[in-house]
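Two complexes come next, and they have one chain in common, subunit A, joined by subunit B in the first and subunit C in the second.
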Partner chain A sequence: MDELQEKAKQLLEAGTVQVVIGHAAGRGGRRPVFVRSPAQAGKLVHDDGCWQNLATYLGKPEVRKLGRAAVVASPPVLRAMVQLGAERQLGNDEVMALAVVTGGPVRTLATLAAIEGHLASLPDEPPAADRTELGRLAAMTVPERRAFWAEQLDRCVRCYACRASCPMCYCERCTMECNRPQWVPVASHALGNLEYHIVRAMHLAGRCVQCGTCGKSCPLGIPVHLLTLFAERSVQQHFGQGGKASGKPVFAMSTFRPEDSETFIR
Partner chain B sequence: MSPEYQIGEGSLEALFAAITADGRRIWGPRAAAGCIEIGEIRSAGELARDQVHPISSAKAAAFPRVEKILSYRMDGKDVAIDDPPLPARPTVLFGLRPCEARGFCALGTILNWGTPDRFFNARMERTTVVSIACTRSDEACFCTAVGGGPDHPAGSDLLLHPLAQGGYDVVVLSDKGRALVALAPDRFEPARGAARIALAKIEAEFQAQEITEQLPRLFDHPIWSEQSLRCLGCGACAYVCPTCACFDIQDEADARRGVRLRCWDSCAFRLFTLHASGHNPRETQGQRWRQRVQHKFSYMPERLGVLGCVGCGKCSRACPVDMDFKEHLTEIAKFS
Partner chain C sequence: MGTSVTTPTPLKEGSTFEPKITAFVCNWCTYAGADLTGTSRIRYQPNVRVIRFPCTGRIDFMLILKAFAHGSDGVIVSGCHPNDCHYTTGNYLARRRWIVFRDVLEFTGIDLRRLTFAWVSAAEGAKWAELVDEVTDRVRALGPYREYQALASAGIE
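== the complex of A and B ==
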């Protein structure tokens, strides 16, 4: 039994948590698993194939019913927990993370402050492959970028796998589901798809935890995560914030300050 | 079924050219950024053939993800309704797997339940399905558990069997298939009994009948919430499924005019059954997952006499959290 399995087993044996949310072997890859007894702890694995952001499950009613949960948490999962805490979606008394870094030790973090402290020592940026893609997008002219996204988003079928897999898309009723009136076209035509993905990127700007799970979840391989990463990077550049390593974030897209330097807002 | 013809690898391009020259569009598996999908292809060179399955479904050719079903104008107190012209462009679906071709049988049955679906029917009447028998399968495949097989003829107009020497044996299954051969008659030679590549072996780990018999008893069973715990509630499974037929009606309108659209919908969505009162008869993901299985394996056989699943495994491959349909169904069948 490895260190992760051992620590999960101890938490379950002690009754500290009733469920450990992690990854297990699936059909040719990894899948999320909900370990509810010490005997099942041996199912847990952690490697680079474990890409789902498991913090997504913390708000799911069916999972909350199971009791207190520990989450096997890679850095993006930890960032999501801090951001969920800051947005009052996760109470400090609900926090239990088994922090993992591939090949590194497993650390048990039981408070948001402990997670913040742990994250302070880790780089807060998207994976190298995504940084390359972001660079490629940034180097495009606006018409080139528009053409790139028009082609990509034309393939979107609006299955909402991106939204469903995102830990920060926790709204019980998404703008897409507000149909009295219908704010955004839900049909998967060109305009509807463009509006949906722009709305999602704007709602994630300054909140995105840079896990890339939305893009990996897309059945058609549309790199939608590049939209939120791009928006996130813009917020960092223009407002000097984002990143989700702090439990006291300032929300760039929803904060009004009388002393704002932009005159249009006053 | 014995083949009438064979067609050489080198003749596919000429066949594609003849189909295009006849004014038909060709849809089939093609490489797209990040996956193999189904979409329009203009040459045989674009046809992707190495995959077990493309990720998306060919159903979009006859049941598009969004479709205008009427438009209207307010004229004083009157409403003027315009029916859009029925889709008329003939289509050839080339290189489908036999399971996906078979999916059109279930899809057509459910879309024509009660009221004939004239949009779907208009497209299907002008669609010719050319499938390629499977010489490979993967762990998501379970066609043989639901009455299909790697060379099952249902739903296909032509069935191609890959030959060891390259090219295909051609089995003609319908008049539409015969008409396609007639577009390039000199490209089809009489079959000569050339050696075929062996069909994929797909062991049936359960039989659909076991599940159909089992399901009425399992309505309140905890298995649904257990299996669906990791389900995220997206619509990926439904949108790649060759037989999922549910749709939503959306009006896009201003005060004077509007269009009515039908858009794919999925029983995995919370909004799918949410009532205007706020009550939701399928409040939990477990209840929504149960609906997916019950609908395909109990309600459709009971009411329409057809299974709602062809065992293609597309849902399993598309699922971001590996909700493995074959595995879940095998577990359900084990109760018997």
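== the complex of A and C ==
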């Protein structure tokens, strides 16, 4: 039994948490697992194949009903938990994290404040491959980018896997389901697909935790995560991390500073 | 829109394309400014359709996309200067949203020359006329925004 399994077992035995959310071995890869008894703790694994952002489950009523949860959390999952806390979706000591980095020690973090302290020592940027791809797109001309996205989004079937997999897409009613008026055509169609992905990027700007789960979840392999990563980078470049309205994480688009600067307003 | 009684500027000779410009403006500054343009008898091109909002903070970025999808060749978004918002902070919040929205649009390959942001106060009737003329001329030169309009009819025979 490894360190992660041991710590999960102890937490469940002591009754500190009622469920540990982590990854287990599944057919063809890793799958999420909800460990509710110490005897099952041996199922937990953590390696580079565990890409799903488990913070997505934390706000769901059916998961909350299980009791206090501990999450096996890679750095993006920790960032999601802190952001959810900042948006009043999680209380400070409502959930725990078993912070993991591949090949490193497991740290038990009991509060969001502790998670925030732990995150301060970790870099907050997308994986190198995504940075390269963002750079490649940034170097294109506008018509080239239009062609790139037209080709990519043409394949989108609007399954909303990107939305479902995202820890920050927790609204109970989404603009996409709003049909009076119908903001975005629901069919898989060039206009609706483009509008949906622009809306998704805008709604995640300043909140995206850069886990890339949306892109990995896409059954068509469309790199939709590049849109949210780009919007997040735009916010960071213009306004600083998280909007920098205060030292605390906030939703950058719901705040402002009088000195925010631009050059395009006539 | 407005109370302008001037006759519309005639079509430019030899030009058959006249752009449709949609303007999203705030009630307290730009709408009143456009009104002043009219009462001041200042001529400007008649291609603009003005839509009045309570505040620039209410101008959802989706509305801008809708305008393009419904056939606008250019869009103007205008409201009170910073520090002049009737609701104190609406234009600051809008400005932050526009900064990111423009970046996202450019990243998805949308032509930013068709989208103009401005601050026009209730006293700037002349600036409104200049703005509309400038945007109309620019969009007329660019031609119809077929790339976006084609998306709406894609796949429909």
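Rule of thumb we're sticking to: the second predicted complex is superposed on the first by the 249 of 266 C-alpha atoms of A that agree within 3 Å, B and C clash if a C-alpha of one lies under 4 Å from a C-alpha of the other, contacts with A are read in each partner's own complex, and residues count from 1 in each chain.
Note that contacts are C-beta pairs under 8 Å (C-beta built on N, C-alpha and C of every residue); 3 or more make two chains touch, one makes a residue touch a chain.
Keep in mind that what you see is a predicted model, and the values were worked out from it rather than measured.
Legend: residue contacts after superposition of the two complexes on their common chain; A:W149 is shown touching subunit C, with no touch to subunit B.
In the superposed model, A:P61 makes contact with subunit B only, not with subunit C. Of the two partner chains placed by superposition, A:R136 touches none, neither subunit B nor subunit C. Of the two partner chains, both subunit B and subunit C are touched by A:H189. Overlap of the subunit B and subunit C contact sets on subunit A: residues 189.
Here subunit A touches subunit C in the complex through residues 137-138, 142-150, 175, 183-184, 189-191, 194-195, 197-199, 201-202, 205-206, 227, 230-231, 234-235, 238-239, 252-258, 260, 262, 264-266, going by the rule given at the top. In the complex of the two chains, the subunit A residues touching subunit B come out as 26-34, 52, 56-57, 60-63, 152, 155, 157-161, 163-165, 177, 182, 185-189, 192, 216-223. Subunit C makes touch with subunit A in their complex at residues 61-62, 65-66, 69, 82-83, 89, 92-93, 95-112, 116-119, 131, 147, 151-152, 154-155.
Residues of subunit B that touch subunit A in their complex: 32-35, 37, 55-56, 65-66, 139-140, 225, 228-230, 232-236, 238-240, 248, 250, 252, 261, 263-264, 266, 269, 271, 284-286, 316-322, 324, 327.
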